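Order of writing sets the labels: A, B, C and D. Residues in every chain begin at 1.
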Amino acid sequence: MTPNLNLWLIPVLPLIGATINGLFGKRFSRQTVSAIALGFSGAAFVRALWILVQASASTLPHIESLAPWIRSGDFQVDFAFYLDQLSLVMLLVVTGVGFLIHIYSVGYMWEESGFYRFFAYLNLFMFFMLTLILASNYLLMFIGWEGVGLASYLLIGFWFTKDSAASAGKKAFIVNRIGDFGFLIALFLMIKHFGSLNFEQVFQSVSGMPTEVAGAGLLTSIGLLLMVGAAGKSAQIPLYVWLPDAMEGPTPVSALIHAATMVTAGVYMVARSHVIFDHAPQALMVVAIVGTLTALFAATIGVCQTDIKKVLAYSTISQLGYMFMACGVAAYSAGIFHLMTHAFFKGLLFLAAGSVIHAVGGEQDMRRMGGLRHHIPWTFWTMTAATFAITGVPLFAGFYSKGEILWRVYSSGNTVLWLIGVLTAFLTSFYMFRLWFMTFFGEYRGETAADHDDDHVHAISSSPTAPAAHGHGGIHESPKIMLIPLVILAVLSIFGGSAGGKRFDKFLSPVLHNHMAVDGADATTPAPEEKEQHGLEILLESVSVLAAAAGLFLAWLLYQRRPQLPQEIAHALGGFYETVVHKYYVDEIYAAVFVKPLIDGSTRILWHGIDQDVIDATLDNSAEGAREVSDAVRHMQSGNLRSYAGWIAAGAAVVIAYMVWMGTR
Amino acid sequence: MVPLSYYLVLSGILFACGVTGFLIKRNIITIFMSIELMLNGVNLSFVAFAAQWHALRGQVFVFFVMVVAAAEAAVGLAIIIAVYRTRETLNVDRVNLLKL
Amino acid sequence: MLHLLVFSAFGLVCVAGAVNLLVQRHPINSALSLVVVMGSLAVEYLLLGAEFVAAVQVIVYAGAIMVLFVFVIMLLNAGEEERSKGSRVAMIFGIPGMLIGSVLLAWVLLERSGTGNVATGALPGPPKVIGWLLFHDFLLPFEVTSVLVLIAIMGAVVLASHPGAKQPDKREG
Amino acid sequence: MSLGVFILVSVIKTVLALAILLTGVAYTVWLERKVVGHIQNRWGPTRVGPFGLLQPLADGVKFIFKEDLIPPHVYKPLYIAAPMIALIFALTSISLIPVGNWITVFGIHTPLEIVDVNIGLLIVLGITSLGVYGVALAGWSSNSKYSLLGGLRASAQMISYEIALGLSLVGVLIMAGSFSLRDIVDAQAGTFWGFIPRWNIFQGQFVAFFIYLMAAYAETNRIPFDLPEAETELVAGYHTEYSAMKFAMFFMAEYANMITVACLATLLFLGGWHGPHRFGPPILQAILPVFWFVAKIFAFLFLYIWVRGTLPRFRYDQLMAFGWKFLLPLAIANLVITALIVALRA
């Protein structure tokens, strides 16, 4: 007898908050709005904790079916929620980090005119994200998937009066649509071949199928299509382009959606579908390669970015790449582990970056920062913790998770991927410390405090009427309500990894190993080799730590010791540097290859050709014809009632005559 | 015993009178009454045919015609009142503009 | 024989009333002629046995609809018809068309229809059976008609309500 | 029964009914004057005959000998026809009212009414609904403002209340399952628990009776709904321009209508000719039902007069609002509830 966990409450609580704030928030005071938003998202978090306590390992997986949704023949989809260790981890991460970011947002967004709107969207996002996580079938998951896309769109375009924000929202939406297309086709394939979308039934069917080692078959196609979806949502090559632009949204949004939670949905989905991927090694390989390439690629771009949030955005892409890399070598637990730690430190990074931006009055360009560590010590120290965590400084969270990933990659035999991984770790360390040095050390390079007030208002707020209520008397620390989440996340970034990859692996093993065909790399390690393996693992970890240290040194050298050096290097590299600065011209290439032909084709063929010459012309000509005919017969419509009667009588006579003639013939 | 066709001819005469009234009368109310006359003519043929074919449905149809006639009278007379208010005449020959 | 006598008598009254409707120039006379037509039609219905139809004919047509006509004639104080020439079409096409149609119909009815005789009270229409038909076989038309009547009531109220009551700027009649 | 005998019996019955009805009309007038007089603390007619009993006769003679004045601008054909129409329809409807059971006189078995038809109620309703023409045409043809207004009011009022009236009767029809007045009366025979008669008014049709009563006042243009002849504003309403015998015709029509309405109320709601246990010799047994019937009509007429002496006149908009917004919904509700109960009981 499983206890009734009432899982549905968790997604529905934020939905209630979103509904209240969305419908009536305009009339509420800011205090009320934030109380509602925090109350409901906090309640969801408490509820998740309660479930963590209630749901001991024995009761998992727990399925809760609420109501049938679609019934068609044998095919059935329910409104059903599914809780196992995997979704439990995600649940805690999403509600916990989400709640912290809610708190932070109260401080960050206080000046905004769309305050209630922001929190309504944020709660709405929570609802969809939790639906995505707790869904017990792919269709419900897809609803959540689409829903977070919607919330993301709304939040990126939060300052919709700003052109760039509006188009960034559109871009995110459209690029995600491409990924969703793949996801959807995967769903159709599942319906066609398995007759169900329930996780349990699908995985049951898949377990009975042979592993597609040699040729690409059904499972490989499904896996690849799922990967397309995941790449869209989680910003992997080639669909990553929307994420950097998404930084147009408010910083808490970047932290919550575009770093901590939504973008990891792809990883979650791949881990959730691991049964399919385990039976399709080739698809898995694609996942690994895509992840690795993305990690490196994004890291190189990140090196040259000067916008503090853009750096973090590319860093996010890169870290997501790590997660996919882990999933690609069937080390799902490592991927999820990194997902969790990443949620902590990347969320923290964004929030701290937001705090920095807040401090310097809306400036996002790192070249105009510097020397901030004395002005904003809390932000500085929390950011430091996060930077150490992401670069993999030992004993910080990132050290464990990244080390775990690299070890698992290496032990699966993909040495090339491992090398790239280490290189990426080096680059990560470099650009993160570059950010760190540029922001907090050296001299302040921004404008004087006197005239930045206007800038702040313009950059952060679209509303012309938002006065700086708490006054910007120069560079200053953020209010407490923003700092508390920073501190909590910093603590988590430092200690969040100490759970350790192994224990995490064990915790997740009922989900990730129970019905899994044994794959070489993931087989339980034989006891005798463990010692040797352990030694190797330590060696590898030192390599990555060394790489991180090298990155730190280089950053220190270039941006602290000899600040003029980067210019010279850039000059020396010439064209390559330009390419990287322009993000490898990917956006331009996409524009040239996809967007322009599409627009041209639509314009020439669909618009001018079909719409104007065929559809419109048909309409116009028939209207013209009708008009001409009416013009000819309108004289019958004299307005004289008796004339009408005369016509009718004459017509009736004709009809009668015809009928009589027909009848008597 | 009366041949059915007598009833039908009577009905036809009434109908023809109605049509004629529509054609020659100028007063809009009288024209409207001509319509009622036509409906009555049709009703008679309904009842006659019902008797001929022993089908009560014919009589049921008469009720529908009556109800529709009642609805039509209500709306039609309301229209006549509205027309009279704006045109101050009941002569259809003077009500030949399609707008006010 | 009696049947034919009664039929002819009331048929004649009927036709006389209809013709009188056309001849009379004052609408109230036309209306009263129409009442006479309806009354004698009720008798014809009785001859055919349709007693319920006859009763309803008197109550609804003569007792309600025609009263409404008379009411409107009184309300608008309609005077004698003026002889205006408005429509040539009605004269050129309408009258001949009507005549041709009537003659054709009469010819077909009298010469070619194979219908037989009708006895007095040939088809009694007891209210019970008619009600049963209305509420079973014709339930949908019945309900639709009720909606129609409802709409007609509302339409009549809207049309006849004084336009000046709500739009004071509109031109008064 | 041969055709000749049938015609003979019918003629006898018609003459009898007409005589009784006209006498009834005359003495209803007398009754009204007397009762209203006492209500208003005066004596009413006392001079002609004992208790003024011959007053109606004197009135009749006066009407006959008065000069029949036709105003110059009236529309003559209708002006003359209108009172006749009113009176004819008022008198005709009595022919369908049964006053008792079938009786056998001189070996001829015949009902106590002029004709016995199975849709009697419908025909009575049809005939009374035609009565409005008399009033409307009188109002219009008089070519007088007061008359016209009275006629307009009368026709609108009578059409409006006819709906409520008809609907109030449907409940009774559902209970009896027939349009025949005789069947309806027979359905009310007997008693509950031996002492409450099974009249429709006691069978849950009290609301219907109330609606009928209100609608009947309006249909007969009686106080409190006598707007068409409201003397304070319209002089005398539709018969302002009438005098002598034509006026008398309207007068008689009004009272004949009252009696018809009272008959219908008795038949439909008050159990018709059914009374307490039958007793006495056969001749008494034959007469008693008629007596009960007349007694009930008398009671109803007394109620009429009582109301006239008590209530003031309504305003016209109040009258219309009352009819459309109160009586009609009430009648519909009563109809629905009655139908439900009958359906559930079946």
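The rule is simple: a contact is a pair of C-beta atoms (placed from the backbone, for glycine too) under 8 Å apart; a residue touches a chain by one contact, two chains touch by 3 or more.
Since the model is a prediction, treat every value here as computed from it, not as a measurement.
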Selected pair, greater C-beta contact count between C-D and B-C: B-C
Between chain C and chain B, distance of the C-alpha-averaged centres to the nearest whole Å: 5
Gap in Å, rounded to a whole number, between the CA centres of chain D and chain C: 29
Euclidean distance of C-alpha centroids - chain A vs chain C, Å: 75
Chain A and chain D, separation of their C-alpha mean positions in angstrom: 86
Where chain C touches two or more other chains at once, by residue number: 52, 56, 64, 68, 73, 75, 86-87, 90-91, 94-95, 98, 101, 105
Multi-partner residues of chain A (at least 2 other chains): 638, 640, 642, 645-646, 649
Residues of chain B touching at least two other chains: 19, 23-24, 26, 92-93, 96
Listing of all chain pairs that touch each other, if any do: A-B, A-C, B-C, C-D
Residues of chain D defined as touching chain C within the complex: 78, 117-119, 122-123, 125-127, 129-130, 132-133, 136-137, 139-140, 148, 151-152, 155-156, 158-159, 162, 177, 179
Parts of chain A lying in touch with chain C, wherever the complex brings them together: 638, 640, 642-643, 645-654, 656-657, 660, 663-664
Contact set on chain A toward chain B in their complex: 637-642, 645-646, 649
For the chain B and chain C complex, residues of the former touching the latter: 1-10, 12-21, 23-27, 29-30, 32-34, 36-37, 40, 43-44, 47-48, 50-52, 54, 56-57, 59-60, 62-64, 66-75, 77-82, 84-88, 90-94, 96, 100
In the complex, chain B residues that touch chain A: 19, 22-24, 26, 28, 31, 92-93, 95-98
